[in-house]
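There are two complexes below, and they share chain A, which is joined by chain B in the first and by chain C in the second.
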Partner chain A sequence: MLEMVRQQMICIVVPGWDGTTDLSESGSVCTGLDALLKDVAVVQFASIALLPARADAKDPRPSLMLELAIEEGIAPYDIVYRLVYHPSGAMWSLYSSFWPGGGPPLQSARNDQLQGKLMEGLTIAEGGFIGARDRTARQIEKEQDLLQWTRDQARAMKAAKLYGDDRAAFALALAQRAFKNPRFDWALDPAPRSYWREKGASIGAKIGYVLALFVLWLAAVWLIGAVPRGLLGVYTWLFGAPYSGVQAVVDAVSKVSGWVLGVSIRSLFALLGLGVLAVFFLLALPAVSKSWRRWLKSVGRELDRPTETWSSWSTYWVGWIVGVPTVLAVVACALVFIFCPGTIVDAYHALTAKFLGWQIIAFIILAIVALICVFGVLSRIDQQLAAAGNWFFHPYEDDVPRAQQVDTSIDHCEGLVVRETAHMFSLTDIRSPNGWSAFWIRASLRIVTLFGRVFFTEGRLGDAPGIHFGHWHIIEKGRRYLFCSNYDGSFGGYLDDFINGATIGTTLAWRWTTLKRRGSAAIGQPAVEEPRSFPPTRFIVFRGVKCELKFKSYARDSMLPHVFRFDARKETVDGINLATSLRDALFGERNDSNDDQIMRAIES
Partner chain B sequence: MKAQAPHLAEQFGDIQGMLRSGYGWLKSSRFWLLTIRDGQEKAARAWLAKLVESGVIASANDVGKSRAHPIERAAAIAFSFSGLTKLGCMETKEHPFPSPFRSGMGSDVRALLLRDNPRKWRWSDVDGVACGPVHVLIAEWTPKDARPLVSDVDEAVFCVIRVENDPCSFQKIGDGKDERLHEAFGFRDGLAQPVIRGLRQDDGVGLSQAKDDAGTLYDDRVVSAGEFILGYRNEYDELTYCPNVEGWTQSGRARHPGGRFALNGSYLAVRQIEQDVKAFDAFRAANGQGICEKLMGRQANGLPLGWKDDPSKPISDSKADAFRYRVEDANGFTCPKGAHIRRVNPRDTLGVDVQSSIKSTKLHRLLRRGRPYREDSNGETRKGIFFIACNADLERQFEFIQQRWVRNPSFVNVHADDPIVGSSDPKTFPKVLSVPGLPSGEEVSLASFTTTLGGGYFFLPGIAALNFIVGNDSSSKSAASEVAEAAAS
Partner chain C sequence: MKITPGMPDALPPGLRNLFYGIFCWANRHPGALRAVGVMLRRWPFVAGWLGMAARASAVKAVLTRPNSFSNTAHAANLSAGDYLIGMDPGATYTADKILLDDRLAVLKATLPAAADLAVQAYVKALQPLGADKSFDLIEDYLMWIVFRAMYPLFGPATDRVAAGATGSLNDPGLQRQYLLEIRYVAGQLLAGSSATLRVQRRAELNADALKSRIAGVRTDIQNAWSLPGHNIDRNAIGLAWISHPVTVQSGALAVQELLGRPNVHKALREEARRLGDPGVWQCAKFRASVRDHVLELMRFRPIFPLLARDVPRATEFETGARHNATCPAGGKMAIWGIAALFDPEAVENSRQFCPARNWGNQADLRWMMFGYGTRQCPAMVYAVEILTSALIGLLILPELQLARGEGKAITYDGPLMSQMRVSFI
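Moving on, here comes the complex of A and B:
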């Protein structure tokens, strides 16, 4: 399921770029590429950038990076094949400088070698998110055409003073005209969307999917134990008892199967238990207790606080002293329950042997009372400190050198696309030890991808709107980390959306990276003259991107300009969604909601 | 151990007064755009030092001293990046000025980013038709008919552009006694200002009265000091970045331990915007006042379009500003989504819910300190606004608003440019406004009502930093002079 998303966003990094090919916007290479990408018709977005070599790299030449965002269901090999073997030869024009002698004389042999080289440098995204571009470029184009047609029709109808103030009659007339127009026959079917944004969009479908997977897992584990047992039974019935070794193997398999079944079922219960605890403390209790809600909010605020204050410092250390041991104890209990349930039963028997039932109940009540008292004292201290004056919350100076700096080439790139979909490349280094960091990055990105695919189906990642594509790649054998994204709006606004709308995911995606010194890939391109670190995090997910100045400076310094850019459609995410909703409203059943949708579309 | 960040309340004496007040009681204003002629840097510094010494530069302390007897004159001085360089202030390598300020509003890349094409500017902080780049901006506020505060600018030292007050800009509303600021199209101006947390503005209205009038919506307008004044907590709860210049630390003028040069300063985004009053009047005659108010997003007297009480009954500005869009007017049936004031301050329109929208909008607020101006030349009178917006992060505030909200045809899917701001651009959408709620959405074609004549980014320094720039004491003078000489050589 995640592979399908990851395959839609690929990067091809070919090292050793010698800079002899003309990549100017009006040059033959770029115009040829543009025509090629239009012709293959399945590339939503493409761009080219030069990745500067690492400071410790043997080859100081930059790498040529081609980014492709393609439509769902096309394998990376297929898209590379379509591009390379296209009769225009545009890909060869781009990469020919990697064959200083001119390459093989036969075009087919050249293409074979090019295909091989590109597949060598190809990486699918480690994780990614697709906003409103889960539709095909053709669908977007046709729906925009319908939107424009509807607006024109509305203008004409208004000029003819038809339908007065009756919005419903006006919407109905527009729908009838669209329905009768053979140009829009394609719109009679509901707008096609990816599975999780269509049939799988309901919460029932998601829960059902997980439950079905779990039941299938249990069935498979049970079958692994049951099938050998059954076969052995049949064999024994037919031919008598088998060798003792066979019996022992079947017994062992059966035992392991039973153990895994038990562990799986107990894991489910443990997860449910942890879920109940989380819901109780994070959702239910805040709903009924104002002081708990306030306390929880203040803890989150202090852990996230970007400036150093006594309040955030003390919250952090209380978290280490109280929070971490408590969480570890709960997790240890869950693990004991899963893997050694007998220990709990034994402990229970030992307890009941020593104490009477009323004593145990009294002890539990006392523990709850003590907990409430501790919480009350902490809450009171919190309130007293808040009232004691602002020294507790007053920030200390925090030096962020060279903040709010943007390389001229980046500014220029952003200026050129100010009326189109914005675009960014960020190239950072993976923190040492690389393998450890890369493992956690991959795990985090899979979670981000899963959530983006299955849960954030309205085109927003968390609360961050306007993302067309966003994808992360680990390149150069786990040494560096590449992020490419297309979005609506300005870069600063985009990062603001991440900071406020997808805090945890963004922190997880970048916290294992750093920015090392590097030269520029070419004249006029940015270099990293001073290293930077990702903003410090607390308990992995807190703070991080909440340090706006540090995070934006880090992101800005890591950015690279594009030297070529292709966008199949230039509509914004909101514009794409609007056209799709108009299609569904015009050709759907006539009701107030659809009428309103039609009127909104033409009034905008 | 690190030093504690400065306490705003202890720094009022170092903050220029225009950050605390728009000087609503001083009804005359003038703006001086000065370009220092080559080789005249020393004389320019001496003239500026004399001006500062004369005591006309008001601090936030001066402004807040007495509400009953407010100050009777005030001036402020700000510098463009080229101006700072010209006067010998060289940024340090570790704490340089932000890229937008350094490149200047007049630069080509800013023209792209601000969606300003086509530009035909008379002046800017990067270049200018008559004088070259503007180095210094002086703003002065005086009572009506008072003599100018600045009168002796030596034209041998400076090339001067003077922007004169529009004497008709303060007008009475209805039968009210007080005169209020109006822009040239006849609408109330200067409303819906953010309130800086910890720096109560003194514009003649008591805080408790303002809070009572706004009710629960008062907090919508309270914004952290760091959004406008450098060195303090902003809406991200982070200390705003403070650039530094060579020689500042050694000058001994820093009022705060470790305080950098830009502490207590702000950035000004300045634009001279000419308003085509004839075109607007013709539009009003053709379409009626109601449609004009839909364009602006407010009634001419400053009341919200959705105001339900008696419009003739005078109310406070605080009350007139206490409204949101999302609950009562999500679709723009009352105030169109593309109306000017809804674009520049969408309040709770954007985002997933009211609270997140308000929070997000607070990241993009401007403190407006501009005034209407009038220009008489060749027997013709031209009017407009000398727009000044104070902000601490040009990219996140002024540029974002201009690029993503005001001049963005895709803003909330309206498919149109701002109805008031800027000339129509052949590359973007025509000037139209959709008025939702009618059968097909009334669509009004518009002329270009405003033209930008010039603009620039300026740094409004704290008082101590200002004295350092103009070399107003021996230590800073020598440090600044040395740097200037080094730069010149």
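Moving on, here comes the complex of A and C:
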């Protein structure tokens, strides 16, 4: 499931660029590429950048990087094949300088070699998010045409004052006009939606899906044990006891199957128990207890506090001393329950042998009362400290040591797309040890991708809107980290959306990176003069991107300009969603909801 | 308007892979389909409940009612656009059918001689290979033989079609690219809507490429066919993707079946050895015998063991049970061609491999792997002729076996065979 998302976002990094090909905007290579991508019609965004070599790289020449954001379901090999073997030869024009002698004389041999080279340098995204999904570029274009047409019609109808304030009649008349227009025959079918946006959109369906998988798993494990047992039973009944070896193997298989079955069921109960605890402490208790709510909020605030203060310092260390051991203890209990339930049963028996029931209950009540008292005291101290003075919450370190300077090439690129979908490349280095950091980055990105695919299905990642295709790649054998994004609006606003809307995901995605010194890829491109680090985090997911200036300056310093850009969507995520909802409303059944949608579309 | 392709997957993750996996497995193991077919024939009312025709009489009856059981079921899988196989009878269908029959008629004059010549050339090229060297029966033999044998379909435009509008006519790699392109488009017809998104998208990409290719050489085709242009693209595209890949795949399946029957293979090789090299091409009796073998091999491994039909309006069909089965309007039904081909009521000793079987009044059933009735494949005779030549070529080569020691000898791409590595013994 995740691979389907990941392979929609591709980067092809080919090292050893000698800079002899003319990549100017009006040059034949770029115009040829533009024509190719338009003709192929399944690439939604594409861009090219030069990646500067690492300071310790053997080859100081930059790499040529091609980013492709393509439609769902297409395998990377297939799209590269389609582009490379296109009769226009545009891809060969782009990459021909990698064959200084001009390459093989036969076009097919050239294509074969180029395909091989590109596949060597191809990476699918380690993780990513797609905003307005389930739409082809052609569909977006058609729906925009429908939106424009509807607005024109609505304007004309309003001018003619045919319907007054009768909203339903107005919407009906618009729908009738659209139905009669053969240009919009394609819109008679509802806009296609993938499973997680249609049947699987509800929480019930998602839980049902997971449960169905779990039940299937249990059934499979049970069958693995039951089938040999059953066959052996039948055999024994028919012909007598088999060889002892056969009996031993069947017993072993049966035992393993039973053990896995037990572990699986207990794992489910453990997860449920942890879920109940999480709901109790994070949702139920804050709802009923004001002081708990305040305390929880205060902990979150302190951990996320961008600057270092005595309050955040003390919260952080109390977290280490109290929070981490508590969590570890709970996890250990869960693991004991899953793998050695006998230990818990024994402990319970030992406890009941030593104490009577009322004594145990009294002990639990006492413990709860003690906990409430401790939290009450802490809360009181917290309030007293807040009242006592600001010194406790005052930052004691400087935030950003210098004013941020943006390279002119980045400014220029941003200027080029100021009225279009914006775009950024960010190239950072992965923290040492690379393998360890890369592992955690991958794990984090898979989680982000999973949530994006299953839960954030309507164009927003968390609360961050306007992302068309945002994707992360680990390149150069785990040494570097590349982030490419196509988004609406400006860079500052975009990062603000991430900082405020998808804080944890963004921190997780970047926290294992650093920015090492590097030269520029070409004249006029940015270099990294001073090594930088991603802003420090607390407990992996807190703070990080909340250090807004540090994070923005870090992101700015890591950016690279594009040398080519292709945008097949040419519309904002909101605009795309609006046009799709208009299509469904206009050609769907007539009801208040659809009428509202039509009015919203024509008036926005 | 190209808007249907690119549909997202509306099934829960994993389910499509499961269905497609079962479908592909069943296609690769016709024995399993035959076993299910036995049950459906035995209890035709069950087949009726499931909307399936399995008995020979039922299959024939359904396939002779194209208005009630429509070919439009194929339309969704025609990634390169509409073509005869997915059309309902009508003016467009009639015009396109006439055009197709005219194009196929040119093969009457050239086959089997053209196929024999192509086979002889490839036999000569393969002969020097020793026992230790394997070759791909599909990519190194069948694909090119069928291409050469079907050369007259596009006449003088064939090389331009294969090379593309701007490609070099002397670049065999471009021809290979063309043949792969049409294979994937044809593959979608077999894989159907159960195919994974990846397979569907690949077919769509290649269909796009094929459409651009044909549009680029439209004038060449127009000149070769001496026809006005308005129907050229649709028919040229359809003819390109359906003629070649289906024949190649049928040939590969026939050889696979033959290699699984060493006695039959041995007997045929013995006869070929007795006749000698020029003799095998001249002896009409031997050719007829090999043709019978090809048909019998295809009976055991048909390329389309199951077919689907749309039911535009509510109707019934005769399953062979006491009562007819009802088909609700807007539904679909499945035709178990493979079950019909093994129906003991229609085919004597149906489970036996018997190329020289006397089919009696069921002679038409013998060609059922190509469909039946008015919508039967119009190129079936030519396809069998080409495969007969290809098989004769294999019989005069040193004895074949599936290659060992290089991983799997047969590689599948979904339900299709993409590679069949063989070596001489």
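Rule of thumb we're sticking to: the second predicted complex is superposed on the first by the 591 of 604 C-alpha atoms of A that agree within 3 Å, B and C clash if a C-alpha of one lies under 4 Å from a C-alpha of the other, contacts with A are read in each partner's own complex, and residues count from 1 in each chain.
Everything that follows uses one rule, which is that contacts are C-beta pairs under 8 Å (C-beta built on N, C-alpha and C of every residue); 3 or more make two chains touch, one makes a residue touch a chain.
Every value quoted in this text rests on a predicted model; they were computed, and no experiment measured them.
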item	value
Touching partner for A:Asp166 - first (chain B), second (chain C), both, neither	first
Chain B versus chain C as contact partner of A:Glu71, first or second or both or neither	second
Contacts of A:Thr307 with chain B and chain C, given as first, second, both or neither	first
Chain B versus chain C as contact partner of A:Gly489, first or second or both or neither	first
Touching partner for A:Tyr195 - first (chain B), second (chain C), both, neither	second
First (chain B), second (chain C), both or neither touched by A:Gln176	neither
Touched partner set for A:Asp574, first chain B, second chain C, both or neither	first
Partner chain in contact with A:Glu414 - chain B first, chain C second, else both or neither	first
Set intersection of chain A contacts, chain C complex versus chain B complex	none
Touching residues on chain B, where the partner in the complex is chain A	2-5, 7, 93-96, 98-100, 103, 109, 111-113, 115, 233-234, 236-241, 258, 331, 337, 351-352, 356, 359-360, 363, 393, 395-396, 399-400, 403-404, 410, 412-415, 427-428, 434, 436-441, 443
Chain B-touching residues of chain A, taken from the complex the two chains share	154-155, 157-158, 163-167, 170, 305-308, 394-398, 400-406, 408, 411-412, 414-416, 418-419, 460, 463, 488-490, 492-493, 496, 499-501, 546-549, 572, 574-575, 578, 599-600, 602-604
In the complex with chain A, residue positions of chain C that touch it	1-14, 164-168, 171-174, 176-177, 196-198, 200-202, 205-206, 208-209, 212-213, 216
In the complex with chain C, residue positions of chain A that touch it	1, 4, 39-42, 71-75, 78-79, 81-82, 85-87, 106-109, 111-112, 133-134, 136, 138-139, 142, 185-186, 189, 192-195, 197-200, 209, 213
